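Heads up, the next two complexes both have chain A, just with different partners, chain B and then chain C.
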Partner chain A sequence: MSTVKEKNMIDEILRMSGSDPKRCMKCGKCSATCPAFAEMEYHPHQFASMIDQGKIQPLLTSEAIYKCLSCFACMERCPRDVKPAKLIEAVRLCVIREQSRNHMTPDDIPCLLDEDLPQQAIVSVFRKYSK
Partner chain B sequence: MQKIGVFVCWCGSNIAATVDVKAVAEAAKQQPNVVYATDYQYMCSESGQTLIIDAIKEYGLTGVVICSCSPRMHETTFRKAVQKAGLNPYMLEIANIREQCSWIHKDIKEGTEKAIILMTAAVAKVQLNKPLIAGESAVTKRCLVIGGGIAGIQTALDVADAGFEVDIVEKKPTIGGKMAQLDKTFPTLDCAACILTPKMVDAAAHDKITLYTYSEVEAVKGFVGNFTVTIRKKARYVKENLCTGCGICTEKCPMKKQPNEFNMGLDKRGAIYIPFAQAVPKVPVIDPDACIKLKTGKCGICSKFCQVQAIDYTQKDELIEKKYGAIVVATGFNLIKLDKFGELSYGLCPDVVTSLEYERLMNAAGPTKGHLLRPSDGKEPKTIVFVQCVGSRGNSCKEKSYCSKVCCMYTAKHAMLTKDHYPDTDIYVFYIDVRTPGKNFDEFYRRAVEQYGVNYIKGQVGKVYEENGKVMVQGSDLLSNEQVLIPADMVVLATAIEPDESARKLGTMLTASMDTNDFFTEAHAKLRPVESPTAGIFLSGMAQGPKDIPETVSQAGAAAAKVIGLLAKDKLLGNPCVAHSDEMLCNGCSTCANVCPYGAIEYQNKEFRIPGGVETRRIAVVNEAVCQGCGACTVTCPSGAMDLKGFTNRQIMAEVDAICK
Partner chain C sequence: MIYSYYPGCTLKTKAKDLDMYARKSAEALGVTLEEIPEWQCCGGVYPQAKDEIATKLSSVRTLASAKSAGQDLVTVCSACHHVVKRVNDDMKNDEYIRTRVNNYLGLEEPYAGETNVIHYLELLRDVIGFDQLKKKVKNPFKGKKIAAYYGCLLLRPSGVMAMDNPENPTIMEDFIRAIGATPVVYPFRNECCGGYITMEDKNLAIKKSNQVLASAEGKGADLVITACPLCMYNLSKNGTKHSLPIYYFTELLAEALGVK
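Presenting the complex of A and B:
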């Protein structure tokens, strides 16, 4: 059972992500497609299922929320429009907002770039940090 | 002056739990001209009907209002009951206090209040009801079956065996449909051709069945019992009455570069071709887009070799107009296109095939003569991955929302047949759920797992790509919470099923309703599963929804029984609730004829006496046999001349007034 605080947090995650994990038919296509699968201790399909079941605590402390590449392959291929990447991102936002770390200006980004970084990740970083 | 009786039904607790039925009956007694009102547990039961009949006789009722379920459910039942008591059946009105009241309200006070309003409206309407007499129309004792697959063939055979003429219209050059393309059929593994081709021959040989192959329905007019259908018989460029089906023309044709549709494009055919060896009729057809003679005027080789001079390059499409009493839709299905599923590499990698292509690769009459050889290099695949639910059960824009129903079973079949022929093949099946309801179906699937050692993996495939001559399959194994990568030789996609592309156009022609997926809808999902809501149109096979062969054949037989029931009648009672034009008000503007979907309105010039002479005016006349009573003309008529019997403008306004009081 999740606490009131956890329930509020799940409501917030669902609101931010615009996702409805109840739509999930547990096909696992998100995790089948995920390039960061090996890095994540919780995989995209688990985010959908655990958030649906109210098991939010392990996700909040997981490394997986920082390992997601935001490539959106899971979202693109999900047959049920569950948007796992948005769920993962919403969990991450819940964590860093509590830590008051949701601040980054576009000027901070260039020094963090390296040559191998895919362009998509840069775009994603803007999306994540410029709000 | 009317003497009206009001009967309030409890429908067990369906109505009585949310509506105070006694209060409704009491309120009814206060309505003008209501001489009797009562409530009863089940008004539709025999004792309920007797109660109505007795009350009509005892109180001399001239109008009846029944507060019960939707008229779609029991209007016919109650009309028959009042008729038994000697009342005109159209002196009955139903107030729907179940679907439109008790089922959608929770509060008994609100429910009762609304039920009383609905009752009041029905009473206000019945005050103005007039007895109506239904007209009769003759039934053309001939049936049209659209589609010559197993569904159409079975329906046609059953109707013809009952002694009625049947025409099958099939757009392909042969009947047989998709079943002719299948290798074996689950769960008994009979060879599809062995059980289908005798039926195809039976259909062709039946003296009551006429085949129109390579033909399409072009237009449909009329109504139940009296349809007039225009059939376009496309030019075959081969005279069917002369051709012996020897096939020499197909051998000699120099243009053997066309993708062979019957083998799903896996091999080539000539410009003149017979789709497959057991085709019915076994008459070739010339593909006008490929034939050199038809395109440039040169060649003519087929004609030179034909010993019976059956080739006719000047043949033209022929339009045939025929009359039918009933029409059966058996237009079947296709696999969806996979161009939106780039991650599965279909179309990029030749060794990624659809399940129907795999059927052809397994089939002894297929492009590889039954040897399982992968398309890219003609080698035997050692590792095959099957992917289930490709394009089914989704809710994003590229998937179908429904389960295609047959894929779980045919994939188990494919896996077992492959293992039978090539025991050392490794087979993996990625599944989301395995759905095998049906007689001996689950046992069949379990055999694949337990006896044949097929590896079923719970999860979906995320990515398929070519690498070093292998087809790499990346998927989820959800039960182990792992991502797996399988180097395969072939991938088979259990592709979603969709209705044939001709269905939508046909649905419009027949004014038969369809769902959002273009499957034809049935008149009642449970109680009238093989009839379209449009009278005289019946449904058979996949055109109505995904189903397997046993289910298709049962449904085809059921549709035939309904057709026979209709054609056995000499006369049909029409619907007397049809439009009527008041010639004194009509100004002949044609607005009604323009909106009439049935072509039921014609115009006449009629002479009217006016002070000091005679004037000729153009007026609308409704053909009552064609009118379906939709009412479009009554609301569009600018002069108010058009009215619908049983639903007159005065009656509707009386209902509105009663509700707004």
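Presenting the complex of A and C:
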């Protein structure tokens, strides 16, 4: 059973993503094509089914939400236009929009730098991992 | 031919070559690129949530600036192109986003996706034409086997990016032919190099980059070309098991045109 807070969060996720996980026919193409599949505790097709079933809590605490590479392979190849990448992004936003929940902060950056690392990588992780 | 030009943050810092050779080559091809005044960073990744407004503003400022100059907007970096093009699509087709962005920006004339955003490769294909480019090549790359690395951002989602067939693209191979080389088609040319994950999980970026390079090397490539500074970084730094040289496509273009 999901709590009221979880139900609100699911509504929020559906609104933010514009995705309808009920459209998923469980073909598994999104997960098959996902370049981060092996690193994800929950895979793209599971985000669709777990959100649909109201099982949001395990997703909110999973490292899987930080493994999506935003390559949009799942979105491109989904035959039902479920947009798994948008669902994963919406779950991550539910977490990092909470106070003090940034996954990466400026203090984390200096030890990750090397002389060739492009600015693009740094601005991208801030967009993805912090608010 | 005059275009508004958006270089983006990395082309002013770690990817100066991508920018410099793009400008030199454009000049040689009779195209003037006018840099957008006081442009801001696009943010590197497209903010996917419908209620993300602030993160889309910098792209809209760029788009509105091109609109007021009455020019099409040219990008070179794959990430900038992806972000600016998708935000433009939102401004054209998503009333919720369009209204909120315009309420905030208070532009003289509200922006509604009027600007045409084209990537430098599309400029070569659709405006100059690869057959015309071929005629202007002074130093053809005869006998070189070149692998085009598209990555993710130029092609997907194809409904919005609309650059080429997302699974079987040809634009970079046609470019390679135009500069006199032989394109190498390999399975991983449109699979991910790991992107920004190099900062969160370096091993994953190493795994992905090595897969791409193994695929290109397996098909006999001498070198790889890319339009993306982060792909350049991953393939050259995180492609630890391979030593294939990686170049920006603009550098090869400038060399072919004799302006390097």
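Assume the second predicted complex is superposed on the first by the 99 of 131 C-alpha atoms of A that agree within 3 Å, B and C clash if a C-alpha of one lies under 4 Å from a C-alpha of the other, contacts with A are read in each partner's own complex, and residues count from 1 in each chain.
In this section, contacts are C-beta pairs under 8 Å (C-beta built on N, C-alpha and C of every residue); 3 or more make two chains touch, one makes a residue touch a chain.
Everything numeric here is computed off the predicted structure, so don't read it as measured data.
K.L.:
Does chain B (first) or chain C (second) touch A:C71, or do both, or does neither?
P.N.:
After superposing on A, A:C71 lies in contact with chain C but is clear of chain B.
K.L.:
Once the structures are superposed on A, label A:R80 by its partner contacts, choosing first (chain B), second (chain C), both or neither.
P.N.:
first
K.L.:
Among the partners chain B and chain C, which is in contact with a greater number of residues of chain A?
P.N.:
Greater contact footprint in residues on chain A: C.
K.L.:
In the superposed arrangement, which partner chain does A:K26 touch: chain B (first), chain C (second), both, or neither?
P.N.:
So A:K26 only meets chain B here.
K.L.:
Using the touch definition from the top, say if A:D114 reaches chain B (first), chain C (second), both or neither.
P.N.:
second
K.L.:
Touching chain B and also chain C: which chain A residues?
P.N.:
Comparing the two interfaces on chain A, one with chain B and one with chain C, the shared residues are 73.
K.L.:
In the complex, go through chain A and note every residue touching chain C.
P.N.:
Answer in residue numbers: 15-18, 35-36, 39, 66-67, 69-73, 75-76, 85-86, 89-90, 93, 104, 112, 114, 116-125, 127-129.
K.L.:
Which residues of chain A touch chain B in their complex?
P.N.:
Listed in rising order, the residues are 23, 25-34, 37-38, 43, 45-46, 73, 77-81.
K.L.:
For the complex, which residues does chain C have touching chain A?
P.N.:
8-10, 13-15, 41, 43-51, 55, 77, 79, 151-152, 155-158, 166, 191-192, 194-201, 204, 208, 229-230, 232-233, 236-237
K.L.:
Which residues of chain B touch chain A in the complex?
P.N.:
Residue list for chain B touching chain A: 343, 389, 393-396, 399, 432, 458-463, 474-476, 478, 481, 483.
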